[in-house]
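First chain A sits with chain B, and in the next complex the same chain sits with chain C.
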Partner chain A sequence: MAAMTPTVPETDVPEAVPAPRAAAPRAGRRPRPRVWRGAVLALAGAYFLLPLVASFVFTVHVPGRGISFEAYTELLGADGFTESLLLSLGLAAATIALSLLLAVPALVAVRIGSPKLRPVVEVMCMLPLVVPPIALVTGITTVLRWGPEHLSRTPLYQTFIAVQNERFPLVLVLAYTVLALPFVYRSLDAGLRAIDVPTLVEAARSCGASWPYVVLRVLLPNLRGSLAGAAFLTLALVLGEFTIASLLGFRPFAVWIVSISGAQARMSVAVSILSLLITWLLLLLLSRAGTSPSAAASAPVTTSRKES
Partner chain B sequence: MSAPTPTQAIGTAGGDRRRRRGPRTWLAALPLLAFTGLCFGIPLGAIAFGAVTSTDSATGATRLTGEHLARSLQGPYLGSLIGSVQLSALTALTGGVLGVLIAQAVVTSRSAALRGATLTASGVLANFGGVPLAFAFIATVGISGVVTQLADLTGLGWNLYSFTGLTVVYLYFLTPLMVLVTAPALDGLRPQWREAAQNSGASGWQFWRHVGLPVLTPSLLGGFVLLFGTAFAAHATAAALVGGSVPLVTLKIADALSGNVLTGQENVALALGLDMILIAGLVMAVYLPLQRRSARWLR
Partner chain C sequence: MSTTLPASRKPAGTTAGGAPAGARLEFRGLRRTFGSTVALDGLDLTIEPGELVALLGPSGCGKTTALRVVAGFEQPDAGEVLLDGQDITAVPANRRDAGMVFQSYSLFPNLSARDNVAFGLRVRKVGAAQRHERAAELLDLVGLPDHGDRYPHQMSGGQQQRVALARALALRPRVLLLDEPLSALDAKVRANLREEIRRLQLSLGITTVFVTHDQEEALSMADRVAVLNAGKLEQCAAPAELYERPATAFVAEFVGTMNRLPGRLTGSGTVEVLGARLPVDGPVPAGGDVEVLVRPENVTATADADGAATVVSASFFGAVTRLHLDLPGAGPVKADLPSRTAGDLVPGARAAVGLAERPVLVVASAA
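Right after this comes the complex of A and B.
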């Protein structure tokens, strides 16, 4: 660990003069961290770029026939591509809408009126992290089997049929919303923490604003960044989700990629690269839109910013 | 006219409005709680119930039994649990060390552009798991992959569809995750602390031993635990990559659910699911307190 000694970043330190005793060894050691840092970054760059570059080469270079972009040009006409992509996008839109509709009122409410409910809401939102998707899907299949077995003579049975509609499986929306809740909660919670909700609400109410007006025109605009972050994470989650959809027998985008991989390996790799590029683009757009969603991406720790 | 903060004041002037607002805010949280109770609680209950009961198909009678849980901890199922834990521990440890090295290299560099680019890239790559990742690696170092053929990796004993191969693939999304988790913590190591240590005559090693590492330990452990949990729950990457050749509990559950093995395996799948939830719950029970502790120094 001693080799990790960095040089002191001079940015935040106002004219810090090192003690004479410490100055001498530091001057001698200074080049080492640079070499070390360069080596680490070069190796990491190589590791992370290699699969991307090699995948691209794989898709455009056909052994014996040279360069061809067929894998990309044939994509749009490929059987099932449009349907599965549209299904995934539809599922993503529905999941984003549902998770925000559920989480925003609840989180605003526990901030302004019911602080006692806050731990309950937090635990309920974070619990899905403990349940891996593959475990959740075992539970879902069990529940779905109750439909035909026990409820076939009740009106509930129709509900069971409806949520499993091939063309738009609502059951996936429900499952994805459960999976997305922890990320949505973290993103929104960080956003709400950054603004002074009670003051804003009281100011708006004193000026005669109605409750819907307060939420829609005062609070939500202030939360734009974290709403965008939550939406991005949910979108990335739904577009890439494979486990639940494949085990329940539906065929959104990720399942489609796997299903064509046997016959059209090149195209499945091409789609994989495209999906990464789309994610990247969305992230860039969102980081322009306000806060950096990467901060809320996977780690609660990253939402705590250094203030010094 | 301005209403007092509802949580503190017990005034009389706005009491009328507050009484109306109290139940209303409570109602706003209700849909969320009802939804999680319904769509999360019921499947969870079904897992727990199915894992400890057995229904006789002839009579329809349901009885309590530990047989499924016992089976899930025996033979190939136990092997898959151990395989999953080994893979997760190995990848979390390696990814953790690599992630810290990269984060430290970025945090200490003076280039803001490098830093921004690395953190954005980490945000994207940490989400780049699952099926697309598996295919990118198949195209790169799979049997007919580009690099495999260029460098004749097969002759060197390389096999992507193995435990080692899976480790290399998992590191692709775990390492950026660790960068995201630890970069703020490394940022939180104030230069002033370092200078104070140097002014007191501490060597670089002493600084890390007595100041740096103790401050970072909760973040590092928390990051490791998060990586472990992520690797443990990962299914899509492994499913698209190795199929069944590496024993992993997620693959075993998928097999049992889709009836690839034997019919009547559903309860064992549920028991395995329960095992996974218990292990993941243990992981989170370690992670959350650590995360709170590390947040203390990073204000």
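Right after this comes the complex of A and C.
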């Protein structure tokens, strides 16, 4: 959701609006609610589309010169556009990979081995929600400053330098993984609840499957929907994350948008429209990947995302 | 460690099941505790090749634990499991050569019935053509030849359990483990599938362990029924013997219905109960006052205005009517009579109660 924050904040707020309203007419079976449905759809549509259309018109219509797509062509060649977008996508991919690698084995193990630990894991995974990113960034900055000073004579020093590499700041991946954990946890937990993990594991074991085979060929395919849901939320989070990246001095896409928006008004609006389209496209692809009967758990997220 | 893989055994002949795959399964002194609860307390049991043995007992008696130890999902604290004389206690579950059907629906939701059945073959890297052939053969065997393309959520519970059975048999295991496979099904499907499992088991000749808490299921399907109580084997015998000659009071009362009547030992191996003198079967406790265990079908009741007993209620079960009688000095008594002789015994009627001349089990009086 934060993907559009910099210049089109309207899209951020109304996300929750269409869902409850659209649900109401569905409850009644009389033909009358159809009118309501149409009205709600028109209202919500106008609410979403008007700012978008207005923004678009603003970017292509130059007073006195007519229609021109200059803003967009300029944009594609603009300094830093490609780099920052690729950086954001790379960070998103790495974050998705890391958070799933951490969460899937952990949650499966808890599910099978020690269900009693579940509340502990849940609380741990939910913690990032109550820690504001600004606090997280302060902590990270402190560590990054402390590290090189105290570890300058150890091999760890190089590690500290490496994670802050401008071209691919691993430290952001680590921070984003922490931020994404609650969403990844929720999505995976819902998926794991939907299947009878212990029985499926035992059935596969008694059919001769080794542990890696069980996880890769039995559990993961049945968690497709929730894996896609987790990836989906992480992607949206990383593409729109501004606070941490900006304060640590890196320049992924969101930071770049803000940095150019002050100077070139038309281009900055064009950028936000473009970023919206890119985000939609990626989310659409991901939700396609997760289409399966077991995707029900992440479905609500999917739909509200599409509507916005 | 190396259990025989099915591939190395004689391949399937003309029938779907292939050669009789029975193996001898032995439990030796199995012990397993969960915290302070003792699930298995030195269980010894031998299951002969090709035999179907039902593990029967109240919940918490250890029957499921015993099965899971065979499957390799539980490790015993002590004791061993032998398959054809070979200790398999330390063999991991995926190399045990045992097929299992679970209580809950356990099909892989993302795979069709065919792929579910062929799962184990795929794990063993059997070629696709051979896999499909074997899966089709097994689906045919369990009566679902046209369901290969269906997914679990498109099938009924009974169909899912059939597919699960086919999947368990696909690797031609030496032991088939059934963990209450019918308990989630409705009565009619359950009865059908029960017969079918038994038919299949007999035709394949596969050694089978069947866990159930339903005594009707155990008695009607099994070659022998092993009654477990508190992690120990009470008795393992053919259904008729278990019913007619229970070895312990627990078995007597757990299997079928039993009356407990006050009696008095009269020496020379007889007991006096309800005015009759009956031979005592099994161990004889010390002391004169005992309780005598009598099956309802061995209690006779006739309408008699001077009879000591009063009919409390009568339940009609077709050929048999069960009477609940109140007998002063003995308490409630159940009697099963042929329905045509029970016509006069309506609630409130007086009746004379007698016992069939058969050996009876006695236990020390609880009071």
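What we mean here is this: the second predicted complex is superposed on the first by the 232 of 308 C-alpha atoms of A that agree within 3 Å, B and C clash if a C-alpha of one lies under 4 Å from a C-alpha of the other, contacts with A are read in each partner's own complex, and residues count from 1 in each chain.
In this text, a residue touches a chain if its C-beta (ideal position, glycine included) is under 8 Å from a C-beta of that chain, and two chains touch if they have at least 3 such contacts.
Owing to the predicted nature of the structure, the values given are computational and were not obtained by experimental measurement.
Engineer: Applying the document's definition of touch, where does A:I96 land relative to chain B and chain C: first, second, both, or neither?
Structural biologist: A:I96: touches no partner chain.
Engineer: Under the stated touch criterion, which partner chain does A:V137 make contact with: chain B (first), chain C (second), both, or neither?
Structural biologist: In the superposition, A:V137 contacts chain B only.
Engineer: Regarding the shared-chain residue A:S210, is it in contact with chain B (first), chain C (second), both, or neither?
Structural biologist: second
Engineer: Tell me which partner A:L227 touches in the superposition: chain B (first), chain C (second), both or neither.
Structural biologist: Touch status of A:L227: no partner.
Engineer: Which chain, chain B or chain C, ends up touching more residues of chain A in the combined arrangement?
Structural biologist: More residues of chain A are touched by B.
Engineer: Using the touch definition from the top, say if A:V218 reaches chain B (first), chain C (second), both or neither.
Structural biologist: So A:V218 only meets chain C here.
Engineer: A:E202 contacts which: chain B (first), chain C (second), both, neither?
Structural biologist: both
Engineer: What is the shared patch of chain A, the residues that chain B and chain C both contact?
Structural biologist: In chain A, residues 202-203, 205-206, 292-294 are touched by chain B and also by chain C.
Engineer: Give the list of chain A residues in touch with chain B in this complex.
Structural biologist: 1-2, 4-13, 16, 18-19, 21-22, 26, 29, 33, 36-37, 40-41, 44, 47-48, 50-52, 54-55, 57-59, 61, 101-103, 105-106, 108-110, 112-115, 117, 120-121, 124-125, 127-143, 174-175, 177-178, 181, 198, 202-203, 205-206, 211, 233, 236-237, 240-243, 246-247, 254, 257-258, 261, 265, 268-269, 271-273, 275-276, 279-280, 283-284, 287, 292-295, 297-302, 304-308
Engineer: List the residues on chain C that touch chain A in their complex, please.
Structural biologist: 71-73, 93-96, 98-100, 102, 104-110, 119-120, 123-124, 151, 153, 164, 167-168, 170-171, 177
Engineer: Which residues of chain B touch chain A in the complex?
Structural biologist: Residues 1-7, 21-22, 24-29, 31-33, 35-37, 39-40, 42-47, 50, 98, 101-102, 104-110, 114, 119-133, 135-141, 145-147, 171-172, 175-177, 180-185, 187-188, 190-192, 194-195, 198-199, 201, 203-205, 207-209, 212-213, 219, 222-223, 226, 229-230, 232-233, 235-236, 239-240, 250, 253-254, 257-258, 266, 269-270, 272-274, 276-277, 280-281, 284, 291, 294-295, 298-299 of chain B touch chain A in their complex.
Engineer: In the complex of these two chains, what residues of chain A are touching chain C?
Structural biologist: Within the complex, chain A contacts chain C at residues 195-196, 199-200, 202-210, 213, 218, 221-222, 224, 292-294.
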